[in-house]
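Below you will find the structure I want to go over with you.
First chain written, first letter: the chains are A, B, C and D, and each begins at residue 1.
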C-alpha cells in the first residue's frame, strides 16, 4: 500500500533526525528557553527579514490556531474566516471552545477577498443591532488554503489594507506555507508575506518536521504575554528544544524551501497523471495537494493499492479526492501511481 | 410618536401590576423557592398537561437560551439552528461564549426541516473526519420564528421524530409562543407542542410580563442540576417570586392566551393595512410580527410618526421592515397607522 | 413566621412601585436606551460626583460580577479576592465559567489588605515560573463585605494605591453599598468611594429595588464595548426602562441613602438584642447584617417563629447565624424578635 | 554547568531514538490510528492488567490534565485537588480556562486524605446554599506528588473508596509515575494502582520519552468520545505514531520501570549527599525529586556549577530547593555534585 492521503505520513527529514540524535543527551532548560530555540528564532527572523518579530514554537496546528486567536480576540469578538477554513471545519470547535464565534464567509476555492471582509465589517458596524451581533475582531486565512490555492501578492495586499483600515488583525495559517511559497504560481517571498499580515505561522508538521509550528508575531501590539497563552493552552512543550532543533535545521541552508520545492515537483507529476487521464479537478491547485474528480468505481480500484483522502461527493457516481505530495514523496511511488491510473483507462 | 418596533415597548399587563402591588411587602424566601413560584409551576404544568415536567423561571431570552443549551451539550458538541435563529444572530455570541458552535442550517423563512437535520446528522456521522468536526448535540428552533412563521403539527412531529432517532434533544425557543399558539394558522395546542420537544420556554417578556421566561423541561434526562446552571449563568433571580407572581397571573384564566390573541387580531389589521396598500411582504407571517417591503422614501415618511424595526435591504430603493403587534397594542394606534399608510398613497 | 434571613425578602420600596405603575403603559425603546435610564444615569453620576463615568444597569449581582470581571481580565489572568468573597463562594463558579481563576486571599472578617495584595502581586511577578502561574489581573472586594464589615477610607486608599502601582484594576461589589455608606463606622462618602476604585456597582436588589444593580465605570480604559459584554452575558434587559425607573427613584431625594439608614437603625437594635442577651458575635459588623453565635438548642427554639440564615458551625453545640435588617424591616418585627430572644433566657 | 533542575533536561532514551530512526520513512496514517499506537496500547493494557481499558496518547502534561478533566466535569462542577497540585499552581489556569474551579484542599506534603475529600463533599452536599457553590465533580491527585511523596496502598484505597461512595471519579496525574512505582517506599504495583482509580496517565516526558503521556481510562463511563476532546484541546498529534513508537518502546521489556529505578538509585545518592552534609529536607521524598534546605550563600556557591530548581523560601537566609534525578542522570554528574557539596563544608 502506498499512501498519498496527506503530507504527514512519514517522520522527519533525515537532517532533522540527525540533529536530534546528536543533541539527544545534551542537557538544556525547558519550555523553549534553550539555545536551540534561540538560534532557530534568529534564523526564522532572518528568513522573514523581520528582526523585531517575536517567534514562538508550538506543537500542532489546532493548538497554534487556538492559541493565536484566543490571544487576539476580546470575548465578544469573532474571527472572520472562509467557510472552508481549518478552524471552521476541522478543529472540533476548538475556537468556539475558547468562547469565540467563527464568522464564516463563503468561498469556492478556499480563498476570501478584501471586498468580502470589508462588506462584513461594514454590515456589522452599521447595523442598528450591532451590540447584539458578534463583532468581527480579526481575520483568518490559510496560505495555501485547504483547497491548495494561494493568494497573489495583489490579493493579499488588498486583504491586509482592508484589515488595517477596519482594525482587524490578519492571521495567516501557514500549515503548508512552504508548498505555497515554492509554487510556480507564487509571486510572494516569505519577507513579503510576513509584512502583509500581523501574525502567521510557518508549518513544520507537514513540511519536514516530526511536529512543530513556528508562530511569527509581526505586530508589536500582539506580542504581550503570548507565552502565558501558550502555557494555558497546553502548548508550551517541556522539552522545547525539540522544536528549536527542528526549526533550526529547517532554516539552515534553505532546507525548508528546498524540500517544499520537491513536493511541488512531485505534485506537478500527480496533476499531470490525472489531467492527462482525462479527470477534471475539483480545485485548480498549484501546490502540493491535488484534487481529481473520479468515478467511484475507479476510485475503488485505485484504492486497493493507493491511499487518498476522500474530499466530497460530486454527483451520484463521482467523487472529488485528494492526493498529496510532500517533502518525503518518492519518485518511485509517483511512478507506481502513474502506472495504476494509466491501467484504469485500458 | 407611536412605536411598532417590537413587542416589548410597554410594561406589564395591568393584572400583573396589580398582583405585584398586592404582594409587594409580603416576605418570601429567595431564588424561586417561594409559594408564588410553586403555584405558577403548577399552573404551567397543568396548561401543558405535563405533570412531571420541571418548570424554571429565568429573566430574559438570551440568558434562557444560553442556560438551557449549556446544560445539554457536551463540550465538543454544537447546536443545530436555522441561520436566522436568535442564538445565531442576535445574542452577541452568547452560545459560543459557553464553548459551543452554532451549526447553522439555511432557511428562507426562519424554519428548518426534519430532512435538513437528518442530512446534517448523517453527514457528520459518516464523515471519515468526524472526530475533527463539531458533533451536533441538539437542535434549536423558534416557535414562532424570527420571521413570524410557525411550524405545523406535521412539520414539528417530523422534526421531533428525527431528533429522537438521531439522539438530538429538541429545544424550542418560545419567546413569542403565545403569538404562535393563537395564530389562525396554528394547528397545535400547548400540550401537543410540549410533547413534541424535550425542553422549551414560554416567553413572558414579549407577552404581558415585565420580564421573565418559563423553561419547561419535558425530558427527564435533562432535568438534573438545572438550578446550578441557572445560578452559574446569573439567571437565578434573588427575588424569584417576581417571576412566580407574573407567571401565576399569566396562567390564571388563560390570560396568556387571551392577550396573545389580541395581538393576533391587531396583526391581522396591520397586515391588511400594508397588503391592501399594495406592499409585498418579506415573510408570510401569520403571527404578531408583520414584514412589509416598502420604498425607502415612503419609509422615511412613515418614520416621522411611527417607529418600526429595520429588517433588511431588498433592493436599492426598497427595504423590508417589521411592524409588531403585542398584547398592549391599542386599536387607536393601529387606526393611526392605517391612516398614515393610506395617506402615502394619495 | 417572620423572616430575617436576608435583605431581599420583600418587593420594592413603595415609591418605586408607584413609578412603575405610572409609567406602565408608556412606550419606550428597549435595552436601556430609553429616557428613564438616561435620567437615572445622570442622577447616579451626580451622586458620585463623577460626570465622566459610564453607568450601566444589570439585573442581579452574579450577573454583574461576571460581566464586569470578564470585561477586564485577559484569558490568562485571575481576580484577587478574599476567600469569603461572593465570587469565590456563592456564585457556582460563575467567574471560572468565563475562564478565570479566583485568586483567594485569606481573611478573618471579609476584608483583605493592601499588603496582602502587594505581596501576592510580587510573589507572582518575581517567581521564576511566573508564566506557569495565573497572573493577577484585577482585585475584587465587597463594600460592605459578606461579613458585614467595611473598609475605612485609609484602608481603601491604601488598597487603591497598591492596585494602581501594580496595574491591577480595583472593582468594588456594592451589593449592599447603601448599608455600608450609612453605617456609623463609615468615613467615606459615595464620591470618595467612587474615586478610590476603577469600577463598582451600586446594589439595588438588596436596597429598595425589585432587582437591579448599577455599574459605575470610573476608569476610562474599562469603558470600551461594555454593552457587548452585557448582551453576551444575558445581562441586557429587554425592558431596560424598568432598571432606569427604579434607579431614578432611588437617586431622587436621597431615597437610596435614607432607606439604607433605616436598615442600620434596625440593625443596631438587632445587635443590641443579641449582645445584651449575652451572645457573642461571629463578626463585628457595623452594617445591616448581624451574626450572633447561639447554642443550637436555642436556635431551634427561635427558628420556630423567626427565619435566619445559617452561617457556620462554631463548635459542636453552637452556630454562627445571620439576622438581616433591610430598608423594609418593620419595628414591629424587631420588637417580636426582641421578645423571643428575651424569652429564651427566662 | 551540570543541571539537576528537572527530569526533562535531556532528549529520549537511546532505545526510543533508535526506533524513531528505524521507522522514520515508513508511512502511516495520522492521529494515533496507526499500528505503532495499536501495539503500544496493547502493551500498556497488559502492563496494567486492564484489557478493557482505553488508552490514549497526548503530548504533554498540562494538555493531558486539561483534556481529561474537561471530559469528566459538568459545567457547574469543580475538581478537588491538593493546593500544591500541578493543576492548581503551575498550569496558568488551564483548568479554569475550560470553565471549572479547582477546589483546593490544604496539604503539607502534596498529599490529601480520604477524610478531607469526604468532609468537603459532605460540606457541599449538606449546605443550604449548595446550589450557589461549585459542586465537587471529581478528584485529582498526583502519583508521586509535586513534593515527591507517594500514597501508600492503604491511603489510595481509602481515597478511592471515598470517591466511589461520593460519586467522584478519581484521576491520578502520573507525570512521574515510574519514579513512584520504583520507589523503595512503594507498596503498589501498576495494575493495583490502575484498579484504584477511574483514569490516570503514565508520564513519558519525564521518564524516557521525548514527549508524550499515555492516558488510561479504566472506568467505562468516562470513555465516550474522548478523542473529540483530544482534538478540540489541540491534543491529537498529527503524526501520532511518534507517541505510539515511544510508548511501545517504553513498555517493551519493562524499559519504563528499569529506567525509573535508575533514577531512584541516583536520587538515593543525592539525598544522602545533602543529608550527610547536614541539610534538612523540605519534604521527605522517596522518589526522584529531592528537596534540601540550604543557606542562600551556599546555594549561590553551588549554583555556579550546578543547576537546581528554586522551590520556596524557608526563612530569611535559607531556601528549599529541588535537585532531580532522572532516567538520564549520570553517575559522573552525581559524583561531581557530591564533591561540590562536600567542598561547601570545608
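To be clear about the criterion, a residue touches a chain if its C-beta (ideal position, glycine included) is under 8 Å from a C-beta of that chain, and two chains touch if they have at least 3 such contacts.
Computed from a prediction, not measured in an experiment: that's the story for all the values here.
Minimum number of contact steps separating subunit B from subunit D: 1. Of all chains, the one whose Cα centroid sits at the greatest distance from that of subunit B is D. Centroids built from CA atoms put subunit D at 42 Å from subunit C.
Rounded to whole angstrom, the centroid-to-centroid distance between subunit B and subunit C, based on C-alpha atoms, equals 33 Å. Inter-chain centre distance (subunit A to subunit C, centres taken as mean C-alpha positions): 50 Å.
Counting partner chains per residue, subunit B shows two or more touched chains at residues 75-76, 91-93, 97-99, 131-132, 135, 228, 231-232, 236.
Remark: subunit A residues 2-3, 5-6, 8-12, 14, 17, 20-21, 23-30, 59-64, 66-67, 91-94, 97-98, 205-206, 210-211, 228, 231-239, 242, 307, 328 touch subunit D in the complex. Within the complex formed with subunit A, the residues of subunit B that make contact are 75-76, 78, 89-93, 96-102, 128-129, 131-135, 310. Subunit A makes touch with subunit C in their complex at residues 31, 70-71, 74-76, 98-99, 131-132, 135, 225, 227-229, 231-232, 236.
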